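The following pair of complexes shares a single chain, chain A, combined with chain B in the former and chain C in the latter.
Entry: the complex of A and B
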């Protein structure tokens, strides 16, 4: 029975390989988070005592605090605009029939298929051509373009599952289209809308490539700030900032998903 | 009856989807307080018709009138309707109270009045304790009742029921059927009911409209449609029928003698239909439960008497369904069981009364 033996060994090989891949992916992140608490100026192992001094320095670093505020503002606005547009787009795509629907769907999703650099350069060239200067609204526009597909995909999937007769029942009872949306459709797709908000926020908060191309001079987001700091030196502050980023981009979606789950369960 | 107000009228209403015609030019009138059923197999256009009355589908041609006013261009939320959907469509994120109150909110009713009307509606459907529950905490039958309460609480001009019983268990369905009819009668609410279930249609309706392939096949009282089908489709769709082809051999007033090849001569009564000429070819419909089987022929009636042999027996408790070979034909017969059913292979006397033979033009 050497065949059975082979299967066992190959499975354990696959398991070991998988573990190695995960280590490769997450060990650096773990190291960054760990070193953020290192008391010493120079990050090396073994660590010489725990300290929160780098977080305090972060807090006292005006540039970083400003970048953090910019990121939060940008992320929130991106989430608000993307989700609003995404919900409206999904409604149109799911509930109405019109010519060119397939084409519009494809174009809508295209930004996540096109490499981000290409998209970034394209938008920049386009605005050059329109002779518009770089600005915060342009940066926001860029973020909306590549977060919108995620929102549309999520909301669309939920909307397809919301039976049309809920809306028809509301209409038959005398609610107009707007009331029907507010009272029936929106509450029923709320978990997806919420997930869309979270997605849009985290993607925007996390983005480097597009932001580097689109941001006007003097404006930094957290990722571009880290990028800039890395160019000078590897300061332990960056580890602390990295740790904060990890927490924000992991905890926010996790929290969001668990809330969305609870909402969806309540609707069932 | 006929001078009653027509609450819903359809004149020449057509629905086309591209090249497909879902509803052929259709005329229909529903009197105030009537319970009218659109009955037919799936795809016959009954639901499309209902959706056009509701304003959920726009007719391709023709006029729809509700209470005498043309409503083709009136959007659904201004038509004052009550609809009960097949899957209830109760709002899952609202309590029973809020579900039932939903329509009242858009009719500018005062808070106190809403509470009172909702509780009256819940009383009517016998679920007064459920106001604070959510739909997913209710059984199917309870959800059905709440859906009905939600539709009638707004005192609609017309109540539209789209297969409301089909999602229920069989035994629950019969109870709901009785109750639905009772509530409808009590409120005197004009109702259009869509179903593919003939027993629902027969039990509940004042008028049945049998539809097939976008056309009305026949309309009339349940009894009329059942006992006097005017087309082969209606005969086949409602109940179990035997269809036979024959030729008129003798005629005396309404009394006909019709020769059916391979079976023999059958006596029929043409009363109520256009009397066919001697020699005319006809199609005969005989309901399975109108044929009487007995072990010994009885002389006292004017019925056609044939002899047959029981081919199969399908025991159904209080009655049995037989396939009886008579000549070269196999007749379907449903008879109540007297002591015990006929056994397979038994010789029986087959009796068909003239008035139970329905005459159709051959197709």
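Entry: the complex of A and C
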């Protein structure tokens, strides 16, 4: 039958196409990382050897170091608040039956259904009307609201898979609801809680759309700092900052995933 | 979940949800209602706004051809990006779903990576590739194909390119989730009944993957149509999208009532796309990629 031959060739075509698409997705980012090590003073091709000078300049650039600190602080606070709210909500949505559950579920994921620009404008103008100006707390509130749905979705998915029996056993042995949560439910959903923290942190760390609306003058996060620097021209410093950003936003989740896996394996 | 799995209704779920509900109400629902009211106020010459019921902003937004043209341009750019994502994304999704090698886990992990790699970095990375002193121009100059650098960037094409680069992983992931859920026996059955490979794909696999394709398209379209960063970085002055108008009006011109009206237009247009989708497919499909 000639079919076998055809399947082999069409499969290799499919594979070749897939490789091309993956190259398309990753090559530009690889170029950023490569150029970050460029010794050439304009940061463009052709490369004139490898150098760490741009990273040294980043380290000595107060504005960038400040932006980095702001981003880390904002991301950590966002992750803490968002995950706490998200876990409580998931517990209510999965473990209890009440009227209007469908509506509440929709409401909880609404922040990602509404375009981020609209969310940004609405929150900014509403809080301004309440005489709360652009500030770090506003930035934090904004980041919490658009990371919350992701945490809820992740924790909910895990909670559905945790059998109710364990909790009932604890309850029947005399633990109260809070103890049951702390000693039984929380350890079982820990991988998802952890994933939620990582997700919220990374989304917050990377956000630029809402942040440009909410940030007070003079405060920059890493992405808005890059955005401001792009206004002038692309410099090797941006590439170096980009490389750092790639490492943070990729290494943190990868580390998180492997820790979460280990946690999940330990539970088995 | 059976009825016995859950507690009798009581105050507890509401207590648990109250902080998050308060957050969504105070930070999303009420603010959106607020800008709906705000859009009927007027900005006065001195900069403060005049409370009242004025239709001026809405008349301007709905009748000025400038806004209408940019809205159409936005929808066109988002649609073109979505179509390109479908064209480029289906085959890799199919490859990942069908591959049985140990590369599969790596491919999926790699697919998740772009979600983590900063959006702004991925967008600006194209300047390094296509810019006047970017990789492509340097390479072509070195080859001698061109004698001076070409201006490739800063047009609608590069905006679409940037969007496709940003959105493609969403599309591939959604199609993959759908394809991976297809029972392999169905394809085998079709083949044993005499279908050719292509027929089996067209009659069995493709229709069964449509939910993922639709979910991916919705995400790509809505995310693409709501962006203002990509046109700012990769577009020229004439390639503004609707969200750029909102940004300009709010941040630069400080005309908040007009900006509110513009935001609501974007919300209504994209909201009706989401509604239309959820009527046919249900929002549940979108949550599947989190499992």
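Going forward, the second predicted complex is superposed on the first by the 250 of 268 C-alpha atoms of A that agree within 3 Å, B and C clash if a C-alpha of one lies under 4 Å from a C-alpha of the other, contacts with A are read in each partner's own complex, and residues count from 1 in each chain.
One rule holds in what follows: contacts are C-beta pairs under 8 Å (C-beta built on N, C-alpha and C of every residue); 3 or more make two chains touch, one makes a residue touch a chain.
This structure is a prediction, so every number in the text was calculated from the model and none was measured.
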Inset, instruction - Have a look at chain B and chain C on chain A after the superposition and call it: clash or fit. - result: fit
Inset, instruction - Name the contact category of A:125: first (chain B only), second (chain C only), both, or neither. - result: second
Inset, instruction - Determine, under the contact definition given at the top, whether A:141 touches first (chain B), second (chain C), both, or neither. - result: second
Legend entry - First (chain B), second (chain C), both or neither touched by A:72: neither
Legend entry - Dominant toucher of chain A (residue count), chain B or chain C: C
Inset, instruction - May I ask you to decide whether A:80 touches chain B, chain C, both, or neither, giving the answer as first, second, both or neither? - result: neither
Inset, instruction - Look at A:173 in the shared chain and tell me whether it touches chain B only, chain C only, both, or neither; answer first, second, both or neither. - result: first
Inset, instruction - Give one of first, second, both or neither to describe whether A:117 is in contact with chain B, with chain C, with both, or with none. - result: second
Inset, instruction - Could you tell me the angle at the CA centre of chain A between the CA centres of chain B and chain C, given to the nearest 10 degrees? - result: 100
Inset, instruction - Identify the partner contact of A:219: answer first if only chain B is touched, second if only chain C is, both if each is, neither if none is. - result: neither
Inset, instruction - Could you look at A:264 and tell me whether it touches chain B, chain C, both or neither (first, second, both, neither)? - result: neither
Inset, instruction - Determine, under the contact definition given at the top, whether A:188 touches first (chain B), second (chain C), both, or neither. - result: first
Legend entry - CA minimum distance (chain B, chain C), superposed complexes, angstrom: 8
Inset, instruction - Go through chain A and flag every residue that touches chain B in one model and chain C in the other. - result: 177
Legend entry - Residue numbers on chain B that touch chain A, as the complex places them: 54, 56, 75-83, 85-87, 89-93, 102-103, 106-107, 136, 150-151, 154, 160
Legend entry - Contacting residues of chain C [partner chain A, same complex]: 1, 3, 5-10, 12-14, 16-17, 19-21, 23-24, 27-32, 34-35, 38, 88-89, 91-92, 94-96, 107, 110, 113-114, 116-122, 124-129, 131, 133-135, 138-139, 142, 165, 168-169, 172, 196-197, 222, 225-229, 232-233, 243, 246-247, 250-251, 256, 259-260, 263-264, 266-267, 270-271, 274, 283, 287, 290-291
Inset, instruction - Over in the complex, which chain A residues touch chain C? Could you list them? - result: 3, 6-7, 10, 14-15, 17-18, 21-22, 24-29, 31-32, 35, 42, 44-46, 84-86, 88-89, 91-93, 95-99, 104, 106-111, 113-119, 121-129, 141-142, 144-145, 148, 150, 152-154, 157, 160, 164, 177, 202, 206, 208-209, 212-213, 223, 226-227, 230, 234, 238-239, 242, 245-246, 249-250, 252-253
Legend entry - In the complex with chain B, residue positions of chain A that touch it: 163, 165-166, 168-177, 179-180, 183-184, 187-188, 266-268
